[in-house]
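Labels for the chains are A, B, C and D, by order of writing; each one numbers its residues from 1.
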Amino acid sequence: MIIVLKPKTSEKDIKHVVDKVEKMGLKAHISKGVERTVIGAIGDESLIREDQLKAIPSVDKVMPILKPYKLVSREFKKEDTIIEIGDVSIGGKQIVMMAGPCSIESKEQLLKTAKAIKKSGATILRGGAFKPRTSPYAFQGMGEEGLKIMQEVEKETGLITISEIMEASQLPLLEKYVDILQIGARNMQNFNLLKTVGRSKKPVMLKRGPSATLKEFLMSAEYIMSEGNHNVILCERGIRTFCTHTRNTLDLNIVPGLKQATHLPVIVDPSHGTGKHDFVIPLSKAAVACGADGLMIEVHPNPEEAVSDGDQSLLPNKFDDLMKEVEPIAKAVGRKL
Amino acid sequence: MIIVLKPKTSEKDIKHVVDKVEKMGLKAHISKGVERTVIGAIGDESLIREDQLKAIPSVDKVMPILKPYKLVSREFKKEDTIIEIGDVSIGGKQIVMMAGPCSIESKEQLLKTAKAIKKSGATILRGGAFKPRTSPYAFQGMGEEGLKIMQEVEKETGLITISEIMEASQLPLLEKYVDILQIGARNMQNFNLLKTVGRSKKPVMLKRGPSATLKEFLMSAEYIMSEGNHNVILCERGIRTFCTHTRNTLDLNIVPGLKQATHLPVIVDPSHGTGKHDFVIPLSKAAVACGADGLMIEVHPNPEEAVSDGDQSLLPNKFDDLMKEVEPIAKAVGRKL
Amino acid sequence: MIIVLKPKTSEKDIKHVVDKVEKMGLKAHISKGVERTVIGAIGDESLIREDQLKAIPSVDKVMPILKPYKLVSREFKKEDTIIEIGDVSIGGKQIVMMAGPCSIESKEQLLKTAKAIKKSGATILRGGAFKPRTSPYAFQGMGEEGLKIMQEVEKETGLITISEIMEASQLPLLEKYVDILQIGARNMQNFNLLKTVGRSKKPVMLKRGPSATLKEFLMSAEYIMSEGNHNVILCERGIRTFCTHTRNTLDLNIVPGLKQATHLPVIVDPSHGTGKHDFVIPLSKAAVACGADGLMIEVHPNPEEAVSDGDQSLLPNKFDDLMKEVEPIAKAVGRKL
Amino acid sequence: MIIVLKPKTSEKDIKHVVDKVEKMGLKAHISKGVERTVIGAIGDESLIREDQLKAIPSVDKVMPILKPYKLVSREFKKEDTIIEIGDVSIGGKQIVMMAGPCSIESKEQLLKTAKAIKKSGATILRGGAFKPRTSPYAFQGMGEEGLKIMQEVEKETGLITISEIMEASQLPLLEKYVDILQIGARNMQNFNLLKTVGRSKKPVMLKRGPSATLKEFLMSAEYIMSEGNHNVILCERGIRTFCTHTRNTLDLNIVPGLKQATHLPVIVDPSHGTGKHDFVIPLSKAAVACGADGLMIEVHPNPEEAVSDGDQSLLPNKFDDLMKEVEPIAKAVGRKL
């Protein structure tokens, strides 16, 4: 931690900061510049209370040197984490394809979609039973009935399943019916929920919040890992910016950023990320080109009748096109689909 | 709802859209322009599934005419909502002052703060017992013990109390000990939590999420009201932008925006909104000048020892200055402190 | 300058960085932490090439300690700069009111507006003769003819005048006809233009760019001052964010931010800042409450016929209301209108 | 244009809006809904003054149906524009590679870079002679001397050249020495400069401003085309968001967005777009994968000694790696390098 003091700080005030640092259990290292005095706090940076230092009147800035996350970091674990679920590996050589409708609407709808995406080469079926909707008057999901349908479809198709958990009390239900727990973007900092899934044996896919920095995203993953669940998958799904040509701004820059900072697998969701079905295929190709380990794609047999997100869903034949267009990109970066 | 079709849409495709609109229970009103055909959907707009319309290939844009919220809107209720708790009215002529530490740390700390802010004229005591922290390794709050302290301090000082609820299961605890339930910014779209507090008898203060639009903010308030709890207080606490001169960008523009759109009271939190204790007083004055019904201010007897948010907390004597500086502003806008 | 090296940097690589720092003319001060080595570069920080240091493979982060601007800073000049033009002082006790139409349209229009705003108490007349318009097909301003009208109106009313300069070649024209040169938000980083007005004897009002940080804003003011013109006025006019309830997000947080960092006067433009005539009065009051030295307001005798910005212009009688509502706020903060 | 009136607008006020629309030369088409009246303005939308309509008190919203740009649009010209300069085609099947240093520093530096990038397969040499720098105290470029060096290097290597024009008066100089004129991001809305290069015979590459929407970006291109120069190349180089893991947020979403909206070629600059040399290769691959027609890459023979942008420059051998990694991606999308 580097502590920059205000210009003309007195010796007495410098000593006050030094005492504070030493009381926290670190060594203070004073460096007097031409205009400013800078204090380096040497030792275990996690002992430092940054807020408290900033509250000292003579302190101008406090700049951390170390990263605040541990378990998720490349420094902690050098090799890529590969998560195995049945025959599927997430984070390995194969690009993982997750696809399916926004909401589970009926057995027929889900089964039809599942068969189609499987035929095209996807291995994981997505579908929401509990839906976080902006409006209280919008369809809120089929609940347990939807999860049952998902389990039936899993049995008939052999696809791995993923569905969103919206609150801690739903954990037993989700664990009973699906293979991967999804934390939605709006819940990325629902810390109680993060701790709850951190105690589950099921892998968790954590979506990035619309205004989350890379650091905050990883801190939320750290919450899950710190409770014992190390099978965490990260998912970029677009951030909020001033842009209006897409619903969100899919931030592919975070893919190499995450690959550098963490060992966890990275999935990209261009359906939510752009909110426009026309843009899903080009951004899917871009995501794989810059290092994503997989894609999550909304597919619906009849988007015009979808109860949610029809505008960003692909028809099954469009999803098939996507698979065909992504395949040579995967090869070009030394992976396979 | 206005539906703009793509250029050169065929008669058959126009008919498909018209049929779709009519199937939803509305009347379609066709208007052919020089380059585009536009369809007005007349009737109960809430019956429309915007996503489904956007999923039709010949549809270019769908533009809603009406607002998606009802109970929170000025159209629904013309007069300002005034929430009475004990002797305190929120939303009336008096500017309401909420103050206190970020976290409850001890009886001594809270009582000392409470007495000081009361002396300066505040009527509501804030203090967190359950703390949403970015890091799993940071202090997470005293929990029920903290709430008990708050209740004791309430009894000794007569101040009204407010504290944050982080998940649905904490409701009985919060209801038992405090007067106003606070939903934090990170939980603004934790819809299950919104529904839960919507069934409580206690007033709820809802903080705006860091990337929430005015519409999304009001939709979250609508969630609470739609469950029966009409005592909702809105709180602006800063949004996330590219700016770095403040921790968040306090968006005072939303104060007149909310006053126009809704009848609910509006509080401003310049402590979180700016993240800098130096900026709290000027922005407090600005907030009251543009129409806020109250302020929420972090006050700590010793910010250098605060377990959280020391950098944005005011000392009690600084809070006293704030009260003295805000008072003439309140008067200037026809209110009182 | 603080240079943080990557973990496990070798002695040889540390030496390479030290040599680099010393070659730049500074002293290197090595501080070895538990996990990282940190090098402090002590001396004249302006000699440092931050980019070059970041380009060294063993360097992780480079953190400047000092501010990159000098002439504009409070450290350079403690007392507030007060700019005197005729009878008007900008930056002193009096809140300065600049008002007028977006575009000069005719003698009649400008004179009518000028008389009205003067009667209400404004002292500076604004009006554009060269208009930066998003569309090449929109009205581009009356040019020199407009400036002549402005000068005539100045003579008839005694108001001080301000108008925008869009490129260096227009300087002689602007200097001939108006009292204050305005640099528009879109030209905040048109560095040649900044240097050009830096060589003028006329005061310059510099508008903040829609995505400019406080530091960048001040660096642009530094460009003007570094050429010799010390009469620079800063103007906040809204930044670009995700918000849609206003056209821009007026960032009042920057008012105390600028007051702390610089001695230059600060004006706020709530007309462009919000883009909504309904919001101009409340945000004007807020701006004065948090320390602005003046306001710039769009006023038009007939907004429905304005050639530009009709939607954010006030009618003269609304401007009169604004003056009446701002006056008690000015008094409340110890200023006068 | 769709004009939505406020609830309960009187017949008289409806007529006032209708009259206004008809006075502008369009037909008004009234549609009365359950809660609102909506007026469609049918005819040449470019005749409408949106601001004036918004200034009418009974008008709630004005929503344009048509795009405000013409010459740049796909509707105006269906086929992709291909710009031929010597042997190089921009916008055709071949991915165009522009590379070189941020600033021209010496003949030796530029020639060395040029030979290296040519050997790797680039066809266009970039290098700045006039540099827009945030600080007035930073290196401002070699000026004409730099351009002369560029011309000499062009003669020795046969590479096409591109360099930035910062103001109108520099046009003769730039036209004399280089093949393509570049408008920098900070000048994207320097409308006089846009008009000036619009009268040149040289192709122009226009960089997107850091807070420009797709529409504003195209309107600036329209400025150039409206003056007669139809050889415009668009360049995405990152937008300003809250993210800090990159210097800017490279917005690849705009690539398919532009491809849909316009016939002009689209280049991506991941060097400025990310500001981190580590991220340049992955984002280059992503850009080509989602449809970019070319890349602009900063290359410097010795980034540690570069006078500007050393931190985001690639060494020549890294650029060679980039070419080798991009090639299979180009093939995968049916293009060649």
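We take it that a contact is a pair of C-beta atoms (placed from the backbone, for glycine too) under 8 Å apart; a residue touches a chain by one contact, two chains touch by 3 or more.
Treat the numbers as computed from the prediction; the structure is a model and nothing was measured.
Visitor: Just grab the chain with the largest centre-to-centre distance to chain B, centres being mean Cα coordinates.
Guide: Taking each chain's C-alpha mean as its centre, the farthest from chain B is D.
Visitor: If you tally contacting C-beta pairs, which pair wins, A-C or B-C?
Guide: B-C
Visitor: Quick one: report the Å distance separating chain A from chain B, using the average Cα coordinate of each chain.
Guide: Distance between chain centres, rounded to whole Å: 26 Å.
Visitor: Measure off the straight-line distance from the CA centroid of chain A to the CA centroid of chain C, and report it in whole Å.
Guide: Chain centres of chain A and chain C, defined by C-alpha means, are spaced 39 Å apart.
Visitor: Report, in whole Å, the distance between the mean C-alpha point of chain B and the mean C-alpha point of chain C.
Guide: 31
Visitor: Which chain D residues reach two or more other chains?
Guide: Residues 211, 240-242.
Visitor: Any idea which chain D residues touch chain B in the complex?
Guide: Interface residues on chain D, with respect to chain B: 2, 4, 7, 29, 31-36, 38, 40, 42-44, 63, 65-66, 75, 240-242.
Visitor: In the complex formed with chain A, which residues of chain D make contact?
Guide: Touching chain A: residues 211, 213-214, 239, 241-246, 249-257, 260, 273-274, 278-279, 282-283, 285-291, 325, 328-329, 331-333 of chain D.
Visitor: Sort out for me which residues of chain B touch chain A in the complex.
Guide: My answer: residues 20, 46, 49-52, 54-56, 68-69, 132-137, 166-169, 186-187, 189-193, 195, 209-211, 216, 219, 222-223, 226-227, 240, 277, 303-311, 313.
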